[in-house]
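Below, chain A partners chain B and then partners chain C, in two separate complexes.
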Partner chain A sequence: MRWIKELFLYLVSFIMLAPFVWLIIASFKTNRELFAEPFGLPENWMFDNYIAVMTRHPVTTYFLNSVIVSVVSTLLALLLATLASYIFTYTFRWRSYWQLLLVGGILVPTNAFMVPYYFIVKWIGFYDSLFGIALVYAGISLPLSVLIIKNYMNTIPPELSEAAFIDGAGVHRTFTRIILPLSCPGVVTASIFLMVTAWNELMYANLLTQSEGTRTLQVAIRFFLTTFQANYPQAFAAMILAIVPSIVIYALLSEKIIGGLTAGAVK
Partner chain B sequence: MVIKRSRVLLLALLTVLLAGCSANLQKEPNSKQADEPIEIKMLSSWSTDTERGRALHLLVNKYNEARAGKVKISIDINPDWPNYQEKVKTMIAAKQPPDLFNYNFNPNDLSRQNSGQLLDFSPYMDEQWRSRFKPEDIEALTFNGELTSIPYEKAGVLFYYNKKLFAEAGIQTFPQTWDEFFAACAKLKKKGIIPISLMTADDSWHSTNALTYLAAAADGMDVFKAGVSLDTPGMVAAAEKLKQLFSYSTDDAIGANYSISSNHFALGNTAMIIDGPWLIGSLDDELQKNIGISAGPLVHQGHAQKGFIVTDTYTPWSAGKQASKEKEQAIVDFMKYMTSDDGVRLMTLEGRILLSAELSLSEEELKKAGPVLSQFIDVSGSAPESIIQISRVLKPAAISKLPSLIEGMMFEQYDPAGMVRRMNEANQ
Partner chain C sequence: MIAKRHIVLYLMPAVIFTLLFFVFPLIFAGYISLQQWNGINEMVYAGLDNFKLVFQDPVFIKAVINTLLWVAGAVLLHIPFGLLLALLLARQPRGWKVFRVLFVLPNVISTTAIAFLWYFVLHVNLGLVNNILKLMGLGALARPWLADLKTALFAHQLPFIIYAGLTMVVFLTRISAIPAELNEAAKIEGATNWQKDWYITIPLVKDAVLINIILNLAFCLRMFEYPLLMTGGGPANETVNLGLYMFKEMIIANRYGVSMAAGLMTIAVGAVVTGTTLALSCIMDRRNGI
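And then the complex of A and B:
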């Protein structure tokens, strides 16, 4: 029985890893090699594609832009989501409707907001700025982050808050000293989702930026796959560079993510 | 104390936001200092990784040098064409159109023209400027008396064939009829050569090029005319032949995208492809020596003339309405420069773009253009008639359905007649 389990695990691992391994191998090929033998190994393992990616466009700037946008949008979304989640632990009039209104945003397709987001961002003067995209990402991600963090906060025994109140702590102090530290795993889970979503997002990055100085890595990858010319191995090299941070973050924090997601499941 | 600190933080946040808003409101478009040049932002998908992108940068740099201190054009590149088009539409919908942008013209989608956000060039279209264009091109882009788009790119989509591979299969000349064409395909296949590159992903470009040639050869140049039913025996026959053509294409043709399909031809894996002049930049010098260019084959008792060609749609340039008259005039001045003889020459020879504006090239210039582009110019120039590619003229719903309809036909979900019927329904 054990060998079936192992075989299943290996099979699943292979299915998941094969495309990524293929992508890595293809990034070391020439365009000709790729089309002549898509599944073969490169004749010479060369870094020309990576060098071309790094030298033809200011990829370091794009990389840094992606980092800034991901971090700022995550911090903004977390700030709002933790506060919103905390308030939903209290009982007040229309609470469930407010909650539904906020979390229901998950169901709305983000494309629907293209025109209003563009208009608002331009109006407040943040068009073609990294903060503008971060602001929009924070807004888009708010429902999901509220859902994750609120669910985690619901697992914290209310007696802790009550004890804090008896000891003289107010609403804010209870939040900053008791609830927020205890919600850390949920916050980390939400932040990883937010970071990865912001890192991989293309549509709004494309819509809300224009100049080279604000271009993110995802937008820059399109330079290698234009309508008039496509160099797949170079595009693959750019993709590898773009994927690596997501994998590193996930690998380092995978336990927290799973912990955050399953928290309360066996309460 | 905690509450006070929170309030201070909230106040600070609001101040920052309001400062951001007010900073933007204070910056009026007309507040240009007398010594500052007029800045025009040009949106383009032509990155400098492509020949046309490099040529456009060269042209803009020349213009900026000539108007130094007065006008400054800057190009903002957005290399992803579909996303770029979506972005422009969003900007127009938000009533903040770009200063300058290009797009694929479709007579069935006049959302840009009807937005009221585009600059009308007709008051500036004097006789001298008008003479640069063919009257029918100006007419095609004029709506309700307003010319909101300047004709620019209108490239032929022609047959590229690899003479070396043709010779290996014992074929000396390019087929003149579709019967000869399929006979040539059979000969190539027999020699182990894949006859033609096709694809079905994205807009199914190479396949819909073939479909357009087949349909136009049978039913003539009005086959896709607005209001005319697509469900004709000629279209059904075209769909049947397209299906047959897939048996002469690569194994990955169903599902392949433009890059895969064109790379097959560029690497010598296939003997033919139907594409525009932008493909030339992807062909290496050695291959270019062996490339022949041809117009479309005919069908028996068809309605097309010998030498007819399919063209891509107009890809004109448009501009957003401007609050400043000075800026409006600067945009017009730049458009005149772009469509001037020098501008068109530069874009044709360096960027390998075939434009709507008039241009006569000397023998020496044609030679400099290279063996493929010179043939391209020759075949395009001598075509007695032309038709715009099917993906550019149908209604948006039919355009988006067409690739999946072709795939459905290839997967035997319906026969060619069923495919045509569904396409016609989507085009209503």
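And then the complex of A and C:
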């Protein structure tokens, strides 16, 4: 009985991961080798495909664009969400309605706002700029970041801020000295979630940019499909260059990332 | 108690963003859906014409059905598969931590990349699937999976169904919160592993099922990359879903009003399916006397 279960787990791993292995091997082949023997190992392991991609396409620019968009949108959403979550630890009039307003967006499928987002970004003058994309990502992810951070702040004992109040700390001081340092784990969780979603988003990155200089990696992957129509191994190499950063970071921080991705769900 | 100016100071930035990215877009989308507009010329008031148009458009109907089939794929295949993996890993077999990390890996890679990868996995000549079939002597089954009317829909959903790592982790987190005494008691009573799963674990992870349905529902309603990159909505609009329909109406047909009429319908479909799920879970809870 036990070996059937283990076999099943190995089989599932194989089905999930074989495509990636196949892609890596194929990226070292020539086009002719690939068509002649899709499964065979390349005759000699050559980096020509990778060199060709790196010289013909500004892969580093795409990569940096993705980094900038993810970091800026994450910082922006974190700033707005921590400020709002902090004030929700106090009681004031209509607090639950304000919470509902800020968190309710979770249930909205935001790709229904294609046209409005396109024009909002155009009107405020950030069309075809990295900041425009970051702004939209921060807006889209705000409800979930508020939810994650607010839930975390709720677990901090209120006695701590009461003690700070008695010692004479004002609202700002309590925030910067007590609540913010203590909610670090919650903020980290939210930022992992924000980074991963921002890094992987395609539609708005595609819709809100036009020129090659503002392409993120995901938009670039989309163009690889059409540009390399005749030379698949090169397309594979481009693709691997695009996914390696995610895999490396995941390999280093897998536990934290798994925790961050499921944080919105567990509460 | 807290001064009003502090509330305003801390709350306003987030409220402004919410107004800009949720409240205003909803109103604006509603307004555009009543106009005939190509994004450049003057808007012309069209009343409910855009809605009439989408409801008479067989492609839109197909898109709604396909979006619901994405949800069905999530509920009937993706989530049960994730639960099965979670149940197997919850018994902590040899190397379960490695399996857990490996199963979640595809969820960290962008859907764009996965779509691109599976486009080639299912490719007619090069594809992994067809070549494995040929190796096993089943070459007759090989076909252009993504271009065949009969298989395109299922084939382009396949990566989503298989990559259930995140769903699995949500279940695992819930399972690890089940008190060990329950399983020990069952063990003393002589229950087999499968009986323990069926009578103890599965009833106790019901709220995780609900969470997974809601999470995957959001994913399915946002789904855009797989149809766009793997099939382009084809063959013959067989795989068009609401996300792609809106995108095509906006970018290719330049019918912004029609696009937003479809957008509002997407929000409505989401609201209806979420509402139904929540209502069903309430009814089931009441039946079980919880």
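Couple of notes before you dig in:
Throughout what follows, the second predicted complex is superposed on the first by the 198 of 267 C-alpha atoms of A that agree within 3 Å, B and C clash if a C-alpha of one lies under 4 Å from a C-alpha of the other, contacts with A are read in each partner's own complex, and residues count from 1 in each chain.
We take it that contacts are C-beta pairs under 8 Å (C-beta built on N, C-alpha and C of every residue); 3 or more make two chains touch, one makes a residue touch a chain.
Bear in mind that the values here come from a model prediction, so they are computed numbers and not experimental data.
Legend: residue contacts after superposition of the two complexes on their common chain; A:F35 is shown touching both chain B and chain C.
More chain A residues lie in contact with C than with the other chain of the pair chain B and chain C. Residue contacts after overlaying the shared chain place A:F126 against chain B, while chain C stays out of touching range.
After overlaying the two complexes on the shared chain, residue contacts for A:R56 are found with chain B alone; chain C is out of touch.
By the touch criterion defined above, A:L83 reaches chain C but does not reach chain B.
After overlaying the two complexes on the shared chain, residue contacts for A:L102 are found with chain C alone; chain B is out of touch. Shared-chain residue A:M114: touches chain B and chain C both. Judged by the touch definition given at the top, the superposed model places A:M203 against both chain B and chain C. In the superposition on chain A, A:I166 makes contact with neither chain B nor chain C. Within the superposed three-chain model, A:T226 lies in touch with chain B and out of touch with chain C [touch as defined at top]. Shared contact residues on chain A (touching chain B in one structure, chain C in the other): 35, 114-115, 118-119, 202-203, 207, 222, 224-225, 232. Contact residues on chain C toward chain A in their complex (touch as defined above): 1-3, 6-7, 10-11, 13-15, 17-18, 20-22, 24-26, 28-29, 32, 39, 85, 88-89, 91, 93-94, 99-113, 116-121, 125-128, 131, 135, 162-163, 165-166, 169-170, 173, 211-212, 215, 218, 221-222, 224-225, 228-229, 243, 246-247, 250-251, 256, 259-260, 263-264, 266-267, 270-271, 274. Across the complex, chain A is touched by residues 2-3, 6, 17, 20-21, 23-24, 41, 43, 45-47, 49-50, 52, 76, 78-81, 83-84, 86-87, 90-91, 93-96, 258-260, 262-264, 267, 269, 278, 281-282 of chain B. Residues of chain A touching chain C in their complex: 2, 5-6, 8-9, 12-13, 15-20, 22-23, 34-35, 38-39, 79-81, 83-84, 86-87, 90-92, 98, 101-102, 104-120, 136, 138-140, 142-143, 146, 171, 175, 196, 199-200, 202-203, 207, 217-218, 221-222, 224-225, 232, 236, 239, 242-243, 246-247, 250, 254, 257-258, 261-262, 264-266. Residues 31-32, 35-36, 56, 114-115, 118-119, 122-126, 170, 172-173, 176, 202-203, 206-207, 210-211, 219, 222-230, 232 of chain A are the ones touching chain B in the complex.
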